[in-house]
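In the two assemblies presented below, chain A is common to both, partnered first by chain B and then by chain C.
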Partner chain A sequence: MEELLSILEELHPEVDFETETGLVTNGIIDSFDIVTIISEIGDRFDVVVSAEYITPENFDSAETIYDMIQRIEEEE
Partner chain B sequence: MLFASYEFIGFVLVLFALYYLVPKRCQWPLLLIASYVFYFLANPWYLVFITVTSLTVYGCGLWMGKIAATQKEYLSKNKENLSKEDKKTYKNQMKQKKWRVLLLGLLFNLGILAVIKYTNFTIYNINSLLHIFGSKARIGFIDILMPMGISFYTFQALSYLIDTYRGTVEPEKNVFKFALFVSFFPQLVQGPISRFGDLSKTLYSKHKFDGKNVAFGFQRILYGYFKKLVVADRMLIAVKAIIAAPENYQGAYVFVGMIFYALELYADFTGGIDITIGIAQVLGIEVTENFRRPFFSKNIKEYWNRWHITMGTWFTEYIFYPISVCKPMLKFSKFSRKHFGDVIGKRMPVYLASFVVWFATGIWHGASWNFIVWGLGNFVVIMISQELEPLYRKFHNRFHVDGHTSYKAFCVIRTFLLMSALRTFDCYRDVPLTFRMFGTIFTNWNWHILWDGSLLSLGLSLYDYIILAVCVVILTSVSLAGRTGSVREKLLKKPYPVRFVIFYGLLVCIIIFGAYGIGFDASQFIYNQF
Partner chain C sequence: MQNNVLDYLDNIVKIKPNKVAFANESFSMTFSGVYKESRSLASYIAGKGIYKKPVVIFMNKHPREITAFFGVIYSGCYYVPIDEEMPASRIDLILDNVKSPLIICDEDTIEKAEAFNTDAEAVLYTDVIKTDIDEDKLALIASKVIDTDPIYIVFTSGSTGVPKGVCACHRSVLDYIEQLSETLEFNEDTVFGNQTPLYFDACLKEVYPTLKFGATTYLIPKSLFMFPVKLVEFINEHNINTICWVVSALTMISAFGTFKTVVPKTLTNIAFGSEVFPIKQFNMWRQVLPNARFTNLYGPTEGTGMCCYYKVNREFELDDVIPIGRPFKNTEILLLTEDGKLAQDGQPGEICIRGTGVTLGYYNNEAKTKESFVQNPLNTFYPETIYKTGDIGKLNNYGELEFVSRKDYQIKHMGHRIELGEIEANVNALEGVKISGCIYDKEKGKIVLYYVGDIDKAELITILKDKLPRYMVPNVTNRLESMPFTANGKINRVELTKMNQANNK
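Now for the complex of A and B:
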């Protein structure tokens, strides 16, 4: 989780990712940010996030992103 | 049958009456019949195209659903016997099967769209190349029937296909229900591009007559006609005059044309969508909103999140994401990081995918170079503003302007002007001419035309300009009022006489000030041609 938080904080240092639960629905991160996050997840977690996983539910908070990574790891 | 025609108004009024008179289980079949009648009346041959798209996408959806069901059954039966690795291999095999079906559906339907929409554009470009290389040979253009709204219904059907592949929607088993999803007449000609998961929630339900919903629907339809007939069609007269004689109308005239075209397009497109959503609301059906006060955007990215939202979402979800996060692109990103550094490498997937998206957005709007240049113009502006973001941040921190009303107003006006400037490609429909005309704004210093009466030569009288000024104030006020919730809900709380004056006033306004009658011609909605 800390690794993920560091990815997110590098992108938007002004956001408190531990408490924010509306990253997509509140427009805090956009499509460009999502692609950067996925690319970083690929590098640091060795997990491939394909396009079908890109939903507001999966990217709305650090926790949901982390859950998604774990789900993909299990499926792989 | 134009939306802005007596025939269409008669058609929907009869439909509204029948819809609430027939047994509720017959409501959605009635809509299917109405949609096909609407399309048949436009041109009987159109039905062939929409039926082929509906049937092929329906078939592919069912096929993928069958593969998914087989996979589920096999895995549950062999839960104990299969190792993790076996399960993974099996899942991959089934995914490959689904992928082949998806590809078949995509290629077939995009193929139809490409042949119909882009054959003559391809011939035009081949002829241009032949001319450049000195050949006198020419390929003749082909007379191809272009079904109304083909770009919209094809994209809507393909979104269903991709969602079925991804497993985010269950395949629809009833072919007639699916045919209604593709052909639902209010949104057939200019969108919004609905998603099956959203529209199907209310499209097939049984609807009781709900007075408030019906009244709200009619109010929205009325507001849509007001925008179209009083504002858009009136502005169109001046825009047409400026475009038709570029040798006469230069400098400040081009600037006036640019602003008028932006406002005309806004009134035309949002007016059409108001009519669409209003009709659906009278029928008890929820259609996705397509606009969220776009002219109040503070930057271009925000503008594109608020203008033609369903098209933007389509391109983002089905083109931008799949390209930017696919394995080859991630590999390419790694390669770029290694060779060009972290900063450029990380941006590569986003920039390449954005380029494809904006090229596709341009060519989706029309098979000509002006639309492609317009799309790529958006790409360039978005990329520049993305790159300049750190600089903006520094500027905001240094001068503490972020949040200031005057700075916000500056950003809103800047975005509006920038978007309007890009739209001039759409206006003149000729790339070199657009550049030349746009250049005259800075070289031909004739701003006196704004106050010396010259604008009266554009086909509009002083009376028309006063009407337009009042309308712009009304549109702006309604938009501003909409920021804090539904305007119609707010009006509902007002005393009855106030509501009466507003809505009947609007109706009277359309009848008296609508741009029709001698000298006027209610025109087709701009987005119908896409």
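Now for the complex of A and C:
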């Protein structure tokens, strides 16, 4: 989780990712952010986030992103 | 001879009054609806005695925003689209430049507009379209149109921190729409899926061909461009067959294996531009849609949108570059060397545009206009304006134009044209910042900011978000003890680039 938070904080130092639960619904992240987050997750967690995982629900908070990474790891 | 872009609408409303012209996910307007509402709006504007003036359109991306554009043109005025996502300070700069008497709003924007620091009156679209159509007055206005009269002003990034308003007339838009339609083979069965914002020239590609042919344009919700599977499903659901998108919107789909789940099977005509298309991604698109036509488009806002095209007709290896090809009919590209001569035999030169497509210049900004809209140095005999793009290009072995680099610090990021100098000017103006330098990490596609000062990163970005559109806000921010300078006292961008590379490792 620390690793994920550091990815997110580098992108948006002005956001508190430990409490924010509406990254998509509140319009905080955009398509550039999603592409960057997926690419950084790929580098640092060694998981491939494929299209079916890229949904508003999976990207709405640090916690849901983290859950998604764990699900992908289990499936691999 | 057609001398008014709205002759397209006057014609098509008689032929296909009940066909859907513009739609989004939940709302649609027929040509008849577009015609009536735009003429009511025009009658309102004309009734107030506003004529040959800029009229600001401050509405959410919506079929009615497009209708408002047409209403402004019917009134003999020219439209200035601004967007809710633009920060207030940028909107102030734009309003100060155009000095418009009127702002057309929707329910979501009217309160904001009333708080702007301007004398302009803010009115609600849904109120003013209740105005009775004054056919006599609109006919009189139409009869006086000259095709060199302006129809819009759109704002683009300016290196000193002040956006520049590119002003275009009927004639250059007509020329562009005719050449683009012929090249991309649009017709009445074309169903466009619009991606680009309505406050740039990019949307001309869909808006006016829709009128010309009686085609249909779907405005795709911006949020879908974050979620590739949903985006492709939207395309298929609405039978969209033609898209003119920035490259990053296309790679958003191909990069994540979307095609394994769903294929945009209705697409037959795919145009792209504004950025270099990575060949690996491009080849994925070609493989999944082998029968579709792919066209690379190139051109600056100052040339009324696009001015060159390349229809993909051969295979590309991973280290190849897709060329920008050749100019549209009725446009010439001059590759000029620094001493104003034609570049020879594949030598690089500045891409300069000659022809009707060259716009009128920057609105209310003579100094900036004179820098880039200049006399053709090859012609010393009569006045002839060409536009210097600042892009360096060269001809390849096929005789096709290729983009090489920029002369200055303008970048393309997610399809947006950005002056790094505009970001720096805004950062430098913040209290607690001594100096800043911005670079673009091409490999990662990130805007990287370095600054010296007392303010912390989070606070800096928070304030900057109120000054700059979100696509211009740096993606990586670094605070430095001191800024590296070159021997002659300029910010050392080579050193900043090295620092960024070291940081990436």
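Rule of thumb we're sticking to: the second predicted complex is superposed on the first by the 76 of 76 C-alpha atoms of A that agree within 3 Å, B and C clash if a C-alpha of one lies under 4 Å from a C-alpha of the other, contacts with A are read in each partner's own complex, and residues count from 1 in each chain.
Note that a residue touches a chain if its C-beta (ideal position, glycine included) is under 8 Å from a C-beta of that chain, and two chains touch if they have at least 3 such contacts.
Since the structure is predicted, the reported quantities are computational estimates derived from the model, not experimental observations.
Looking at the shared chain after the overlay, A:G42 reaches chain B, while chain C stays out of its contact range. In the superposition on chain A, contact is made by A:P56 with chain C only, not with chain B. When the two structures are aligned on the shared chain, A:F32 is found in touch with chain B and with chain C. Applying the stated contact rule after C-alpha superposition, one finds that A:G22 touches neither chain B nor chain C. When both complexes are aligned on chain A by C-alpha atoms, chain A residues 30-32, 34-36, 38-39, 49-52, 54-55 touch chain B in the first and chain C in the second.
Contact residues on chain A toward chain C in their complex (touch as defined above): 10-14, 24, 29-32, 34-36, 38-39, 49-52, 54-56, 59. On chain B, the positions that touch chain A within their shared complex are 88, 91, 166-168, 301, 305, 316-317, 320-322, 324-327, 330, 333-334, 346, 349-350, 353, 386. Those residues of chain A whose C-beta lies close enough to touch chain B in the complex are 27, 30-32, 34-36, 38-39, 42-43, 48-52, 54-55, 75-76.
Residues 223, 225-230, 248-249, 252-253, 255-258, 260-261, 414, 444-446, 457-459, 461-462, 465, 470-471, 475-477 of chain C are the ones that touch chain A when the two sit in their complex.
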